[in-house]
Each structure stands twice: as C-alpha cells, then as structure tokens.
Amino acid sequence: MNIQKFIAKRSNWTILYALFLAFFVVLPLILIGIYAFRNTEGSFTLQNITKFFTQSEALNTFVYSVGIALITTVICILLGYPAAYILSNSELTKGGTLILLFILPMWINVLMRSLATVALFDFLHLKLGEGALIFGLCYDFLPFMIYPIYNTIRKIDKSYIEAAQDLGATNMQVFTKVLWPLSVPGIISGIMMVFLPTISTFAISEILTLNNKRLFGSIIQDNIMMSDTMNYGAALSLIMLAIIAITSFATGNQDDGELNQGGLI
Amino acid sequence: MADNIMSFSPKPLSDEGCIHRAPDIPVAGHTAESSNEKAYIIEIDHLSKWFGDKQVLNDVSLFVRQGEFVTILGPSGCGKTTLLRILAGFNMPSEGCVRMNGNDITDVPPFERPMNTVFQRYALFPHLNVYDNIAFGLKLKKEDEESIDRQVRRVLKIVGLTDYEERDVDSLSGGQQQRVAIARAIINKPQVLLLDEPLAALDLKMRKDMQMELKQMHKELGITFIYVTHDQEEALTLSDTIVVMNKGRIQQIGRPTDIYNEPVNPFVADFIGDSNILNGIMVEDHKVQFMYQEFECVDEGFQPNEHVDVVLRPEDIYIMARNANAMISGRVTACIFKGVHYEMTVVTDRGYELIIQDYNMFEAGQEVSLIIKPNDIHVMHRERLYNVIDGVLADSTHIEMLGGTFECEPQTGIEDGADVKVRFGFDDVELMDYSDEGDAVGTVSFILYKGNHYHLTVTSENGEDIFVNTSEVWDDGDMVGIKILPQALKISKVE
Amino acid sequence: MMKKILAQSYLYLLLLALYAPIAIIIIFSFTSSKSIGDWRGFSLELYSNMFSGHAAHSATIMTALINTVVIAVMAAALSTILGSIAAVGIFNIRNRKLRQAIQFTNNIPMINPDIITGISLFLLFISLGISGGYLTVILAHTVFCTPYVVLNVMPRLARMNPNIYEAALDLGATPLQAFRKVIIPEIRPGMFSGFILSFTLSIDDFAVTLFTKGSDGLETLSTYIYADARKGGLTPELRCLAAIIFLTVLILLLVFNYRSNRLAKEQQH
C-alpha cells in the first residue's frame, strides 16, 4: 500500500533520474574541480591553475582558440542569419524541406564532416592549415547557428510585423525595430552552440591542420589522458567549465528550451 | 429551512485527524426528527487544505444525503474544484476527513473509492474508441466480455449514443464527448457521481439541453450527484441543494430558492442573480433605513440601529413615470433590452444608482419614480464595520502590517516590537494607481457596488484582506498601493 | 520577385557549400583510387573490400561499425526508459524551485561541450576504479542522450489532458496500470522521437566515447577514424562508410521529420 501510494505520486518518479543526474552529471563535474586542485600524490595544490597562467604554451593556445572561435562565430552569424531569415520567411521559400537540408549535416559525425572537408581541399588542391581549419569549423557549426535563429524568427507572431507596418514602419524599420530585437534570443542560442564547442574541439583541428595548429581542446585531451599530467588536464577542464558558466550567464540563462530541441523540426 | 437537508457538523474534539463516529450516532443538530430520513452518504468533516502557504479550503464541513443533487457553486479559485478532488481522492486534505457511509475514506486511493468523476474537459482516453473508453473500468475489474458488452450498450442507450461504439473519441462533438464521459463513469455503478463543471465547454444551447438530461439521469439512476460549477443559473436549475463557496469557505448552504431569496451576505447576494446592495440601518424590527429614507420591511431580530446590508433584486423594484408622492424618484441613465425584459439604470435624486428590470421601458433621460415593497427588501447582518489587522509596532510612530510599514500617531504605553491590533475605517484607506506609491501593496480581489460607492476587498501581499470604500472605479485584479491616514489608525496592544 | 530570386540563390549557394564535401566523398567512394581527386573510373571495389574484410583495416572497420550500432541501440533504449519515467516525474513536480533545479541539471549535459562531459565521466570512472569498456561507453552515452528524451516527452505530457491519468485512477486503475494503459500510449510518439534522437546522437558521438572507451581496444567508428587520421592518411574504405552513414542518417531524419509533421497535423485537428 505504501509503495503504491509512493508510486501514485508521480513527482516521485523523478527520484530515479535525480539520482542518476547527481551521480553521472553533478558528481563528475565536482570531480573535475577536485582533480584540478590536487597534485599527482593527491594533496591540495594551486599549482595546476597557476601553471596555466604562467606556462605560455597552454595560455597561447587558449587565446588562439578563443580567437578562432570568435572568428568562426562571427562568420557563422553573418552567413547564418540571412539564411535563417530567408528560411523562416514563407514569402521567400517553402521552408519545410529546405530547413531539413540545412540541419541535416548536424547529424553527421563531426569526424566524418572534417574528413569531407579534407576531401574537398584535396579535390581542389588546396593546402590544409589555418584556412582549412576556419572553413571546416564554419562548415561544421553553421547549421547550429542557423537552426536556433530560424526557430526563433519562425515563432515570432506575424501580427507584430503587421502591427509595425500598420503603425507606419517601412520594411527596413520592421526589421531593425521588431524582427532583429525579437530574434536576439535565437542568436544567443546560436552563439552558445558555436562558440563553446569551437574552443573545445580537438579532433577537427588536428585533422584539418595536419596537427599543426592546436586548439584548447587538444591541450586538455593531451594532458588528461596521461596519468602524470591528469591533474593539470583537470585544471584546464575547470577553466573551460568556467568559460561555459560565464558565457551562459552573460547570455542570460538559456532555459527556455531553445537549445534543447535537439536541432530537429 | 436548509437545516433539515444539511448542516455544519460540530467541532472535532481534537485538532488533527477526525473523529471516527459510528454511523448510527446522530449528528448534532439532527436529532430524532431527521434520523428516519435517508442517511448521509458523504460527510465532509472540517476539511482544510493548503497548497504551500496558500490556504484553498478553510474548515469546510458538508453532509450529503443519499440520492441528493448537490451543487458546489463559487467563482474560480474559491476552492470548489479542490474540494471535489479531495472527494475523488486526487488530493489529500491538510486537515479534517471525508467519510463515506460512515467509514473514513480520507486515505483510500481514488481507484478504490466507489465514486466516479466526470471531468471538466471530459478526459476521454484519446487512443481508445468510445466502446473501450466506456469499458475501461469494467475491463480492469476483469468482468467477462459478454457482460461488459451488455453494460456498455445499456449505458450508451442511457446517454443517447447507441451505435457509437466504434467511433474515435476525437471525432465526436463536445456534447457527445460529454455523454461518453458520463457513460464511462456511470457504467461502474458508483454510489456517488462527481461532476467537475461538466458543461463548461459546451455552447449555451447545448448546455441547456444537457442540463435537462442530467437532471433526468439523476432522477432515473438514483445516484448521488455532487456537481461543481461557477454558473449560478446552472446551479439554480439543477440542484436540490446549493453550497456557495468563496475564498475556501462555505458561505451558505441551502435550497435554490432559499439561496436566492435569503442570501446570508453580500457575496452570495451579488454572486447569485443580479442585485442592488446598499448600506442600511435597522432602526427597529420591521423598519430599515437606507438611501436616507425609512422603509417598512419584514425582517426582525436585529439590534436597534444595527448596521446592515440591504439587498434589492432588480426585478423587485417597481418603476413608473415620476410621481410627486413616490418615496423615491430619479432619472433613467441607461436602458438595455435583455430579451424578455428591459434593464434600466436609475440614479435617484439623492445620488444612488440602482439597477431595475421591468417589462416596461423607460428611456434614458426619463424622470421616474420607484416603489419598493416590504416583502422585497432583504436585510442581512453586516459582517464588519471596520478593518482590524494584526501588526507590530516598529517604533512609536511606525507600524508594520499588511507587508509594509505605515506611519501612525505617536504611541505611548506600547513598547517597540509589540504585537498590536490595528483598527481603521473603510473610508480611511486611499488606493494608489502605482503600487510603489503606497505603504503596502495589494490586489483588488472583490468589488461590491453599494449604489453610491464601491466596497472593495483588497488582498495585501501577505494575504490579509482589508475593506475599502471608494468612489473610484477599479477592476478585479488591479495592483494598488495602500495608504492609510496616520490619524485613522487606532492601535491597541495585544495582551 | 528579384528579392525572391536573390534570396533563393543565396540559400542554394550555401547548400552547395555544405554538401559539396559530402558529395565528393560519396562520389569518390565509387572509384578504387587511393586519394581523392584521382578518378580511376567507376568501381565498387572499395565497398566489396570493406564488407568482405579483405583489405587491411576493413575487418576493424566492420567491428567498429557493429560496436557503434550496439552501443547506440543500448544507450538509446536505456535513455528512452529513464527519460520517459523522469519526464512524467518532472512534469508533476509542483515545487517550482525543485523543478527548475532538476531541469537545469538536465540541461547541463546538453550545454556542456562533449569534451567536458567526456572528461568528467572519465574522472568518475577512474575514481571508482572502473576500467572503460562497453558498459562505461553505454552509460556515458545515456548521460547525454537522456536529457533529449526528457525534452521530447515533456511536450507530449503538456499536451495531454491533465485529467487523463486521474480519470484512469478514478475508473479503478492502479497507478501502474494507469501508466501503462493511459500515459504510455499518449507519450509514445515523444518516446519514439527521443529514441531516434538518442540513437543518432550516440552514433554521432566522438569525444565522450574517446574518454570512456578505456584502453582495451574498444573502437567505434568515430574513434577509429580519429586513430586512423592521426596515423596520417585515411583508409580509402572509409569513404564508403561515410556514404553509407550519410544515407542512414538521411533516412532516419526523414522518418523523424515525417512523423513530427504528421503529429503536428494531428495536433491541429
């Protein structure tokens, strides 16, 4: 009877997943923190953190990664916003199938896509390197910029636009005064989905630059996989986490589900 | 009166839980004369319910007899649906208990209660057809196919949906879905049928038809119906007994005619039917003064010069062309045709606004006289004459109450931080458009027009109600700032 | 009109850029040359090599393919069950703070870059002394797939008449019977979408797998490609694989899209 009563209260059904989240999401993140402040013997140290700020290699890579990520993000916004705008405008396209074509690449393995970029560069007899890296990153992440913006614009109530026109706004004014401000949440989601993953990629940069240019993700990966530098790797991950936290808060908590829709129609 | 149908039960002996009373012990107020009537099937005993720190039911007690059609009537948020959900077993009361046939069923889960519910939006299972929806309960009981088949056909006939077995429930009209929902409930032969605003989603005509059918069904099935609605007309049409609720409390229990003719307070008078509610003074028995005049009436048993509320139903006021001898005269300011009658607004020479319904039309601008007969004046005790609020004296000139700090005249003899009672009149409160202009913030939660002013209930942020007289027009739900004149606050220490 | 042509050409140009690399890979999977750009006439040699396992690495490719699918199926199934139960629970939490806290935590694996999820789980398994393998990879995939199932089931619950569950109880169903007979049929489309999504995410994953697969030689397609690329030079057979995967994803997505369109239409009725 008591068990039945317990089950009858449906909010109790959360408990299983809450435990799962605590153990497999929260605890592991805490572990990153713990490892970051420990040396190989397991005692407390700040060395891992100070090492990052003093050792030029990691810091340089970090700054370089942020730079590349910024460039990628900006290019993605410049290319993606018009595309999203056109796609969401039923007067310009039929929408449905076309947007599917745009988001389809999101679901192809990142490595596979990088491989394809390599193939393209080979085919065009272009040299791999920084150019290929930026092209590849934009190629990889453009759909992640288009989709949230598309979704936001599409959900904008058409009557806002009509109201603005009714009140005498020109097409340009409708865009700058109504459409653009209302689509900002989508752009922010897009930035979250492009900027953060770009900093932390490692395989893409290795493949596209023949391991010449390394992004922050590669440094983290190199360190975490070796038992003697694992704590340093954890510290670098912690820094990455801090960046995520800062970006999330700076862009205003994205819990409206925009990013959460899994990128499908 | 209503008392021989139902009554409030006595206070429980202990605060928590309930008294398990054997069914054969008569309930207080129901002595020998009522014991030979049908027994109570449902006894709701001092029920209270909190959601967090919000109280939605406040000491509700209600007894229902076998076979009765009881309607719980009140505005949205009055707690009526919560009460029904506690009866069905979907919610647990915070205090008090529910008995069925004398047995405490408070802890019995819904699937073991011999009651069934007809939900507001029907809650038909969209993946099942009409037949499987109706057979759902019987299939769970593992009755044999043939018997299920027979019973489904029987209830389909009762609700007038013969041959609808295979239909997809989404393909049915609102009225048909409603019938399926009723069929699905009554096939289980419940002792009590709970209906949660079952007709709210139907259009007016459909609603009227279904009302008649429900009434008919109630008669034929002999099941006890407990019906929740916010529609006073529906309640008056259908019920044997109406329970009027507001803000989690039962306001009045009685037969439809009693509720209409003898409302116990302005809320009931205002909620059931149209009414003019005015301030008055009961000079002596059979003599009441309102609108600056004395009227003869039939009410008695009041204190001399007691402040009262006077209810005049719009259809009870007689209207005619102005006549110099009439007690009341005025001018029509608006006239609307309402189908059968005209509804006219008359402003009397002394500034009272009254609503009058009559078959004869008087156009706006016409001078008229009014007659009110003693029989048609209904006098009610005033629930309060001033506000009394608990507060804390912050310092000698400030007081904390209603979730804010108010200035008061310098207090002596009360130390800072003491708990105090604060008294102030309805007219001493000023409401501000912008909530930050006041010393506390409140929401207008009930508006009563008293002929020449509004009597508002304003709920403060900490959930206390204050009552305010004003001539300004506010809407239900408006956020207001509350200001009170410092010299109006009468402060006394709580011992 | 001019505007429309301009707009459309922009879209098609972008699409061309997006699909050209994939197209090139697919085209060059039908020739037997070692490097891309070097067309040696139509041939299915690479395909037959891959499936017959004759060429070097092709046996490993097939093993990696099987591993990938097995892991994806397991992780998707686990996520769907866990996520559906969780969604029903979360949906019925009244306390707003608690509900937001759980939804926030549910969002973490989706916001976190894969590398962070991978590393955090890597550290967890190391701390517990669990060596990586099938189990850890499946668990890790469940971690980042379940939130998507939750998010796919929640809207179905929101759309559901809130009284349906209670109606079942009212008619005599126990909570478990009510779940099976009433709630599951209602959320099934969401569960299905969640499953497909999880399956795709799992197949797509690289970073999390890399950190949780351990050192016993478990390889999925992603890790295989990565290892292969690190060694320098890509196995030509991978082009066939890329072609096959691309088509598989395309079909899955079309099915998914078709379903959600149909559901959206149903909903309009």
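First chain written, first letter: the chains are A, B and C, and each begins at residue 1.
Operating definition for what follows: contacts are C-beta pairs under 8 Å (C-beta built on N, C-alpha and C of every residue); 3 or more make two chains touch, one makes a residue touch a chain.
Bear in mind the structure is a predicted one, so any value in this text is a computation, not a measurement.
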Category of the chain touch graph - line, ring, star, complete, other
complete
When contacts are scored as defined above, which chain pair ends up with more C-beta pairs, B-C or A-C?
A-C
Could you tell me the distance, in whole angstrom, between the mean C-alpha positions of chain B and chain C?
55
I'd like to verify one number: the distance from the centre of chain A to the centre of chain C, where each centre is the average of its C-alpha atoms, in whole angstrom.
17
For chain C, residues contacting two or more additional chains:
94, 169, 174
Per-residue multi-chain contacts in chain A, two or more chains
4, 8
For chain B, residue numbers touching 2 or more other chains are 109
Chain C-facing residues of chain A, complex
4, 7-18, 20-22, 24-29, 31-32, 35, 79, 82-83, 86-87, 89, 91-93, 96, 98, 100-102, 104-105, 107-113, 115-120, 122-123, 125, 139, 142-143, 192, 196-197, 199-203, 206-207, 210-211, 217, 220-221, 224, 233-234, 237, 240-241, 244, 248, 254-255, 257, 259-262, 264-265
Chain B - residues contacting chain C, complex
51, 88-90, 109-112, 115-117, 119-127, 136-137, 140-141, 170, 184-185, 188
Sort out for me which residues of chain B touch chain A in the complex.
109
State the interface residues of chain C toward chain A in the complex, per the touch definition above.
3-4, 7-8, 10-11, 14-15, 17-22, 24-25, 28, 35-37, 82-83, 85-86, 88-94, 100, 102-116, 119-124, 127, 139, 142-143, 146-148, 150-152, 165, 169, 174-176, 193, 197, 200-201, 203-204, 206-207, 210-211, 221-222, 225-226, 229-230, 232, 234, 238-239, 242, 245-246, 249-250, 252-254, 256-257, 260-261
Residues of chain A defined as touching chain B within the complex
4-5, 8
